[in-house]
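As written, the chains take the letters A, B, C, D, E and F, and residue 1 is the first residue of each chain.
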């Protein structure tokens, strides 16, 4: 299968913040050991890495602090084949971090964000690499609601990037990625609404549909139809965790895909891997039902990998997609 | 909720031995790696730590060897907010240790005790801090059958402490904690009988009721009733592992609480966390049914934490207690 | 029970290659961490270790590179009580290695073999310790299809050893151990056929019966009967993974044993442990049904132990065999 | 020797910020491994821990974020016997952090501070525990220039604490602790001048005397005399790294102490250990020459201990002080 | 300073093999621990990484096995900014490895090579990326004697690359890098002679000058003059370990540079870092004396970094070069 | 060189206790990390391992607890080629342990012994394997003063073993190995005197000569002469740490050997390695001067190896012995 379009430089551009995550080993609590794991973690760089490992040409746009921590983030993202040469470097700001203690039921995982005043929170629209916003540069521009929620400056930058991408005829892919620690559901809904109205592809977890988008139902088919009425020009993909995912296309056709069963080694990054899988299939010309299946398979394999990054192999995803014995099956109603 | 009674110095005094546990990582066997985990482990200090983390003022009484190992034990216990200033220090004796290889079914965990001649085994009644045995010093005195079983000297010391606590009007909380490597069931039963006869609160696993206490049934309600007839002045709490717990109060009313489902990261210390949860609820004025629920919730969260110590947060326990969706429900028959 | 026959020097001789396995920790992918686990791994040395830990006198024959890696392999095998004094040492060849990334479903474990041109692949028949091939030296000679598949030289050596063992009146135990990375099923079948025709004891996984041995059924009883017709002088033992094992004896009687349920910590080495358990029971004079039960119990305990080696205790295996509550039950039809 | 004055509750109060330090293992660079060490690090808590381990009663005043990170800092400090019950807790602010890559010559160690907007930077004067500022509460109040440099709010709080301590008749101990990443030398000099003018005990490295305090010489005796003329009511102690330390007392007598030779395992925290050693000797009634020797010995032992904390034993320090064979010798000119 | 020439795509192309190194931690012997460090190690990729981190555009040419190990090597090299897009991938061959036990005097470090039949050993001339061998593609082509010594096939490939590079007008940089485990000194001398005769820049350790190049003296000035007579069109750089380095330029002028004193954390990779430092200075237009100083400074900083890779920062190297207090001084005789 | 005498079964028998040592990593203090290293450590098993690795046939006699800890000790000793089949196993006693915190100057290493009531402390003379005490079984019997000092029972066992060995015509090698934590110098001197009077070979550190043996001088030549007068039938070897060693033979000739300079990675086990080196040379027929040089070389290499065990290679020791450039030179006065 051909996964690359040679008429453009990049298949996908992504824009977003990447942080350092600190986690104690296994199910330890912070302070139990003198060592912690240090992970690179960012929604849009995760998706970029997933796409690169699936065979696509991807550039990740961001702003990073020019110190050992920032350079390590760039090195890690680059090592998986993502082009980081367009990242903006600053000497002034900090690298955002967060702490995560893994919980096992009934103890929930605990996250402590420490991301205020990060380099991306101070990213300005004029720092965007304007040469990438033309039709030969990329087919798809992808970002998420996090970039809109970090700060008013990052929101302006994201909105400007979206405007430029749209102007250049690039397709717009948007992952709602609502974070309650960043802003309220209503603020997120208000800010993201105009972006989703312009999007060609929208990803959102079904649990956020009601609080952020104001849908009235919790049934996936109903949710999809309500969202389709609001944003008829987008394919809308709704993730449902262990229940799989659903989508509605421009024609209003509803698709469902059950999840592939997976041993969950690390849940973080699953949604970003899902988006990578969907976008990869989409870029390869697959239909919505197939793309949903690719997305669920990519997420399932991610769940088995420690850390936030989707360290997947295309062959393994393809094998899972093709495996008839797997529960996951695409249903078109 | 007010968890502290300001009219007393401590909510609870506990007395007991704390050892060092050595365990290989994960499911390794001893000798597979050149490093082993080193844990602080002691029933009564575990309960003290649980209580301190739940917001209570607790002092832990013990005897420790004045070397790096003994001081590390004290530092670890103190770090969680337990007062260790009444610990008796000795230059003469050793710190008890044990080795534990974690098994996975069908391979059982293997424990090798190496606790003979420890500092607590040589603790004498006159080493007890007499100033703590008055009504203003503490509301509850808590110890366990282990302290009675370690040596005749530690037994005399525990019995003297119980006598002093009772004389001072402190409530007596006793955890049977039968250890077959320390003594026979009949010896334990004989030694603990007079203590349980004086106790206000008794904890025991249902599996020990028959061999140690000589009950005739294995049904929790029956067991509780039999024990109530013998020790009518105590609230008796029976733990049932994955099946939850039961209790009978002074009025002979029987209570049952199913367990909260939990991923078991480390089972050790679960019973001590249970006692801490019960005592915390009791000290806060909760009724028996509520206290059982607090005890089961505290134990459930402990199971998810590596090591013996109940590194719990009060807010997490409270949230679990309040969670209607959890299976655990108090039933009064 | 007496497990040793004092009239012979060794209960069992095994011959085969042992490699070094590199694995990242837990479910990590290669490259995620800068450290990897280093394991000793070889089918016949695994079986030898299992037998030694079950109380038997065992010698392991092989060829090792005389460097730190080869000597480490010998030291590790010797540490469990296996006699390695008959190993042939060479300055010329390399130690075979392989890399293994543990997968969690749906991500499968990935193995990268790097075993070409190893010391055993260059082992010559005349390097066999001829003094061991007499009736007083050993009761059983055990090897596996891997030794036949590594190279033509190792195959000639294995065939010569089998010839010598048979000539000396030693019983021949053969584990098919088909490895698709080494050779095709038909090549393996062709090469192993004459060995199995001479064997007293044959172990094979049921999944290999059809491709390698050309059986027509997938039903264990049918498979056993077909194989019995071909090799009537052998007891044939068929392993079925989580479904247990089956056997057919010289009289054509069929036996079945369900598996003991086990938490799988590491699957590698399970088949070798199975053979060790079977051989141990056989050497101790147990009947086929009992030997099957010992084999399944030994494998079940191995699954709970990290690494390839069966670091089992005889007492634990015996206790599991004797445990009536376990699902595993021997059925004679 | 009696190290505690029973007429006061605490021998020393210290006030300051404590952060988390992240460091890769050994001489690794950030990103080489997926794990980093996590240390508790704060000048005034280090000194408090040193004093507690030397046998004194110490309380540490600070402001901490009420999350797992802040609570871990408090637990660690408390574990060494420091009273942390007067710490102010906040739900609003972050815990300051820094990254440190250890360098070996000629590669220097690299520090990346990330401490802006920390809990202490927002500490207000009215959050000081007023009950501690009376003559029965403590003999000495100790803080450092860092507390004055973090933010204007922390400076006001430190100045108010100094005012209260002085008003209560407590002795004032001040460690200049100039940090060029926090403020300029001239700003530090201006802000610290009025504090040093009120101090009874001043610690400063000789390298900071000229830029911060404006001395004209680099000879320790000259430096001491210049500083004595400015702050005649203080004993002034000047540290000289590997060359030892010097002091001048109220009478203008100059003292010198060479350093004890030490293998440097970790340099961080050496100055704080020095202050702890000096204060301990001072509190025990030792003369200036002896106190200098105690200070150098405490610092020398700290250098051999990984991490920032002075995990010293009083007996080891005392033995080193008493060791005639050591180079360090007090010279009074 | 401008380090990049914008008229060419790459400043430097390097060609060579990169392996995986396994080492136990610290000074452990193999087998003491169950974990080993896994390092990426290759002379020409090391030099490429050093150049990239010093600010140059570099591509690394090689042949890698298309499995997790080969891809990890590429990812690691790419993460430091080296272009790996021209690497040739194969499904057929293995990744070369070696084991290294670090020794401390008088125990020497032990290396066990296991590199036969690696992917590079089978690299064919026609696999070279011909598009890179033109004047616009690169200014310098760099390889080493190792590439000539691995196999006859890799030698032919290296010679063909050199021929192409020379034909395209690229400068030829050659590091002798004699390895006695690969071939004899005379074989190496014979094979490398024609390459050195065409080189513009030659690096060699002084200890190899006599056995490989047949010089008669051990004095650096003499050695340089002898080599200059043989290869007058090259600048010849001779490394002398702790004694520094020397060079002779096209005009026959001799230069000397003493070493910068450094704490040796890991010696491996020092020579490759030296070459990177020299080439960087050369590319930036520096004179021979300055380039020697840059080379020694880069090597000194590398010695302080664990692993084979020169994880250097340009600013640190520049600061060391500029540091007058450092012993290293350039002398022109 | 032939190192084995084929007329006897073993070259050397050693008898002694082996313990488990717990140490934190590097220079950490106990409690700083949750993991500790676990080492096998015993003077006589160390010497046995050294001899086996130098090519000799050795059996180690001891008494071990039959649990995972005891079996691990035996496995570790056996892995290096020592015969452990004569070890006596007990179900009743504990494995002795000790804790060791490594210090760096001026902080000394701290040892906490916890060895009372160990399996060897209860070893009885009748548990000795009588079949080994004949002239065909072994040439040398080796034990140390520790075995005499552990308990009166172990002393009786050691004395009986010495009596048996002497009766069988075996040579007696005795290492004084004075441990002040076990007994006083005078008690040790009194107990060891009769053993040394019968010894053929005596090892002792020069620092113990005065307190334990009552010599009057501290000059090595003088010490040797004084000891020679007392025990004229023994070759007496005196170790001097960094200053090397000295010896006096039966003829009263004095020998001196300076130490080989070594980077000290771990000092523990150096003396035991020294004895192994000396005995190995002696068994190979070397003269006293050569044996001293072998002993010093073996110890020097041991110092560079982590842990207590002399994980040496014969070739490395031989190379060091033969290295003329090394400082160590034998002087015969």
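Methods note: a contact is a pair of C-beta atoms (placed from the backbone, for glycine too) under 8 Å apart; a residue touches a chain by one contact, two chains touch by 3 or more.
Note that this is a predicted model, so its numbers are computed, not measured.
S.K.: Tell me which chains count as touching both subunit A and subunit C.
M.R.: B, D, E, F
S.K.: Show which chains lie in contact with subunit B and also with subunit C.
M.R.: A, D, E, F
S.K.: On a CA-centroid basis, which chain has its centre farthest from subunit C's?
M.R.: D
S.K.: Which chain pair shares more contacting C-beta pairs: C-E, or C-D?
M.R.: The comparison resolves to C-E.
S.K.: Would the interface of subunit B with subunit F count as same or different, where same needs over half of all numbers used to appear in both copies?
M.R.: Same: most residue numbers at the subunit B-subunit F interface appear in both copies.
S.K.: Distance from the CA centroid of subunit A to that of subunit B, rounded to the nearest Å?
M.R.: Taking the average C-alpha coordinate of subunit A and of subunit B, the gap between them is 47 Å.
S.K.: Averaging over Cα atoms per chain, report the distance between subunit A and subunit F in Å.
M.R.: Averaging C-alpha atoms per chain gives centres 64 Å apart.
S.K.: Find every residue in subunit F that makes contact with two or more other chains and list them.
M.R.: Residues 29, 32, 34, 75-76, 307 of subunit F touch two or more partner chains.
S.K.: Based on which chains touch which, is the overall arrangement a line, ring, star, complete graph, or other?
M.R.: If you draw each chain as a dot and join those that touch, every dot ends up joined to every other.
S.K.: Mind pulling up the subunit C residues that touch subunit A in the complex?
M.R.: Residues 26-29, 32, 103-108 of subunit C touch subunit A in their complex.
S.K.: Could you list, by residue number, the parts of subunit D that touch subunit B in their complex?
M.R.: 75-76, 78-81
S.K.: Could you pull out which subunit F residues touch subunit A in their complex?
M.R.: 32-34
S.K.: In their complex, what parts of subunit C are in touch with subunit E?
M.R.: 22, 25, 29-31, 34-39, 67-69, 71-72, 75-76, 94-95, 97, 99, 101, 110, 112, 114, 116-117
S.K.: List the residues on subunit B that touch subunit A in their complex, please.
M.R.: Within the complex, subunit B contacts subunit A at residues 260-263, 265, 297, 300-301, 304-307, 311, 316, 320, 323, 326.
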